[in-house]
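You will see two complexes here that share chain A, one where it goes with chain B and one where it goes with chain C.
Coming up: the complex of A and B.
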């Protein structure tokens, strides 16, 4: 495969608190190629969203990202001058968030919000931008786009609003689209519509996509590769087919078992061990080593990678 | 246990002004007939706005019924007020989705669990402590947690505390409203197991509300599907999942992703178009006809009644599968 679009090595995100620093993401490495869809699955607090936000310098106050490498083409994502950052956001990497209602400005018409993005990135006059905005709305399946352009977010349903934020993300013709739980706030039938929409849009582009979700089953349809995160670390990564067919890490196995209703989920919850593997408090295979040291990410039987002492002693 | 007939909940009083303006009241529940048997778990699924929570709240007499009749073990409770209504509340409990919002952050866990005992005057003095400890142990938490404050606990533990509070006054019926939705997937299995154990141990009856059909399948004896304030299908769980009769149920089931990339990519499926209509402007006839692949002229003008198509299997559709 040719040079990846995006490559990240040893990314960590730390929060400075009154009681010292707290590491929310540690040692996360991944790459994304053009036309590839990377699925990132994890529970709340697994660091999946923070990882993505750090790439656009959108971390909340007090959080700091560090990495040995975070490159997008010629840009170093963690050390960008303001002018480059404005170019990266929306033009190179666009992001669709979970809640479309807070992602849109309630007092500005949909049309103005899309046109603003278009005119920021491209040299277009108002009339040209308007035509482009109408095309974008039609592309994301919004009927009657000329009328809809004049309307405000509250006049749209949840599913339609999410279509609008997708149109806005596509407006900058980004090389990478980050979809951060874009269907979580939607009803099941609408979720299926949005997944079909994005899958359809991807067929005609070379856009790289990172799809962040807590629902592993959702990734079966759309992802090429899957990365499983837990407590800020990568537990396992592999091609989509291999991960579902031959899950290696006990956490991935537990997630799949839960989806397939074949067994109860892992044992009692407890706070993650301060050192050692964060999953050790729930793991059925736990050994003394697991509680003492975090396993490194190593090669796995399915050709992907896994961080587990039981699999890579 | 429950026998509800033509239960209707309206969210707007039909005042003279509104009638003059030609406004019709917004109905959260439209003439729902529902029976819940003692000892069963009835699953309730549907999209947001379909009336699942409104039905639960109507059964518990939290929402006022605008019409219909409700029997609890043969006793009319539709218009109960005052002391008899408070006595009823002890027997019927509800657990909510958000374990952060449903515990008072300034009240210790023990005090929160004791609250219903004090309100109903079910225990006094030392006995309160004993019952709180017993409730905590029932949900798998140590009795010493009673002295702690809610912020010290994770979402999963808080939800256990909420269950302990519901159990504390020994109810017969618990409505679980999206109780797993705020929990991580790897904790959902444990919580389902706990609810199952408690039900067997205490002889409880559950109404289990969820938008997640995978979860409902695992816990329910029968499942009811709601759409815009009506039950559109009701069947024993295995039958509903294997042979959904209503096109809406079939679409809901088809929309669940399966954890199998090969099957998932080979699957040809057309996502259901549109979204749930506004309850303020319900379409004429069957509320689902605008999104339904099988809609006919009759569906556009006439509301299909909930009718029996097989033993225990009811569906409100003119063209069931």
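Coming up: the complex of A and C.
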């Protein structure tokens, strides 16, 4: 394996509130190589989106990210001068957001929005940028791109808008594409189209992809590696085949059982224990140690990693 | 934008307002062509003539000049002064609206976008402006600067910028948290691009409405300042100065003040109708 594109070690995100600080993400480490697709799965509030936003310094006000290491090539992502930040956003790392209905400016034509991104990252004149924009729209499967370029977001359907946002994300030819639940807001048939579109676009590139979702079944189709998050921590990570074949962590097992039987996972929503393992309130294997201390991330039987006292005593 | 125009033209009040305003602008532009006499032509023999009367016959006018709207205390033709006055009144109103819009929008955008200290300072500025009696401020500034069109425009802009600043600020506060602003930021857009491409165009529509109401306000304020003798040079033909000229003759020669008053009413109504129509079109609940 060559040097990873992106490597993150011990990332944490904390919110400063009136009642003291609240840790939303803690001790998250992962690496991404060129051409690899990393799936990040977790329920709402598990910190998966915050982790991604922190890499581009897009955290909401009051949130702070810290890490012992967050490197992308020569850049230290959490300590960037302003000028580098504008260069990295969209050019090195691009994000496709969840809701295509709000991700496009309603009063600016599609063409202008794409051209703005192109001209920000490359030295192009208007005509060249326009040609590139038409190519991009064609690449994401929008028919009649010359006409569509002049249209406004309200003239596009949800799926078409998501194609446009993908075109905008690809405009900077980023090395890493973060897809933050890009299909959640779309209906099922369109979801499948968008997934195969992105998969098709990636086939011949060396782009690294981080796909954030709460849909484990989706990751089974597209991911090389899967990272399972719960309450801001990594519970388990492994190659895609291993994770589905031999899930280790009780949370992952519950998720997979859930998929097969479409039954509710035991316990309510994430209500993490104040200390110890956040899953201990819902875990079938819970022991006294779990409630006292958070288990470290250790090696797992399937070659990946897992954080569980029952598996790594 | 094209769609906006079409819908605007299909709104009764906006269409009427627009037509009335275009008539006024046409009159102002064509003043030298349509005015029957020079606005400054003094005819001592034709003082305080009632509307539709004729002056004494002279060499230029064998049957005497017809004064459709009468003459003032020094024999100047009221209609001609009214026509020329529209130039100054419209221009001052428009310039004041533009200046107020630029200042107010700038303050509103900065305050809404950056928040924190910038917002505190601008909020403080707005409060100071609002807590000061405007007429007092206008008298002080016009007195200190010696008056003139430029000073008047500045003072009028001072009276209206707060309207823009407040509405733009509230717009920006909601727009800056929209998905597309974050998405643009995530793709590398810097602050100027965020403001000019993504935020400002979204504030334009309510801004148009405020602008039309502010222009009406500016025209009225100009007239009242000129009426109390603080606005424009009294010898210049403007509606406000004409009102002032006729003050002493309200009972004996009513037309001197009444005619510019009607012109002001007409113009303000045109602008307000346009603004009302815009509000109707731009209100999402009323869209078809």
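Note that the second predicted complex is superposed on the first by the 306 of 313 C-alpha atoms of A that agree within 3 Å, B and C clash if a C-alpha of one lies under 4 Å from a C-alpha of the other, contacts with A are read in each partner's own complex, and residues count from 1 in each chain.
Just so it is clear, a contact is a pair of C-beta atoms (placed from the backbone, for glycine too) under 8 Å apart; a residue touches a chain by one contact, two chains touch by 3 or more.
These figures come from a predicted structure and were not determined experimentally.
S.K.: In the superposed model on chain A, is it clash or fit for chain B and chain C?
M.R.: Chain B/chain C on chain A - fit side by side.
S.K.: Counting only touches as set out at the top, which of chain B and chain C does A:229 meet: first, second, both, neither?
M.R.: In the superposed model, A:229 contacts neither chain B nor chain C.
S.K.: Just to be sure I read the superposition right, which of the two partners does A:306 touch: chain B = first, chain C = second, or both, or neither?
M.R.: neither
S.K.: Which of the two partners, first being chain B and second being chain C, lies in contact with A:209: first, second, both, or neither?
M.R.: neither
S.K.: Take the Cα centre of chain A as the vertex and report the angle out to the centres of chain B and chain C, nearest 10 degrees.
M.R.: Seen from the centre of chain A, the opening angle is 80 degrees.
S.K.: Quick check on the superposed pair: does A:192 touch chain B, chain C, both, or neither? Answer first, second, both or neither.
M.R.: In the superposed model, A:192 contacts chain B only, not chain C.
S.K.: Please work out whether A:110 is in contact with chain B alone, chain C alone, both, or neither, and reply first, second, both or neither.
M.R.: neither
S.K.: Using the superposition on chain A described above, determine whether A:159 touches chain B (first), chain C (second), both, or neither.
M.R.: first
S.K.: After the superposition, what is the least C-alpha distance between chain B and chain C in whole angstrom?
M.R.: So the smallest C-alpha to C-alpha spacing between these two chains is 11 Å.
S.K.: Need the overlap of the two footprints on chain A, from chain B and from chain C, as residue ranges.
M.R.: Overlap of chain B and chain C footprints on chain A: empty.
S.K.: Applying the document's contact rule, which stretches of chain C touch chain A when the two form their complex?
M.R.: 178-180, 182-190, 193, 197-198, 201-202, 204
S.K.: State the interface residues of chain A toward chain B in the complex, per the touch definition above.
M.R.: Residues of chain A touching chain B: 43-44, 157-160, 187-193, 195-196, 214-218, 220-221, 223, 240-241, 244, 251, 254-256, 258-261, 263-266, 268-269, 282.
S.K.: Which residues of chain A touch chain C in their complex?
M.R.: 56, 58, 86-91, 94-95, 97, 99, 101-108, 112-113, 116-117, 120-121, 165, 168-169, 171-172
S.K.: For a test of understanding, state which residues of chain B touch chain A in their complex under the given definition.
M.R.: 47-48, 154, 156-157, 184-190, 193, 211, 213-214, 217-218, 251-252, 254-262, 264-265, 269, 271-273, 275-276
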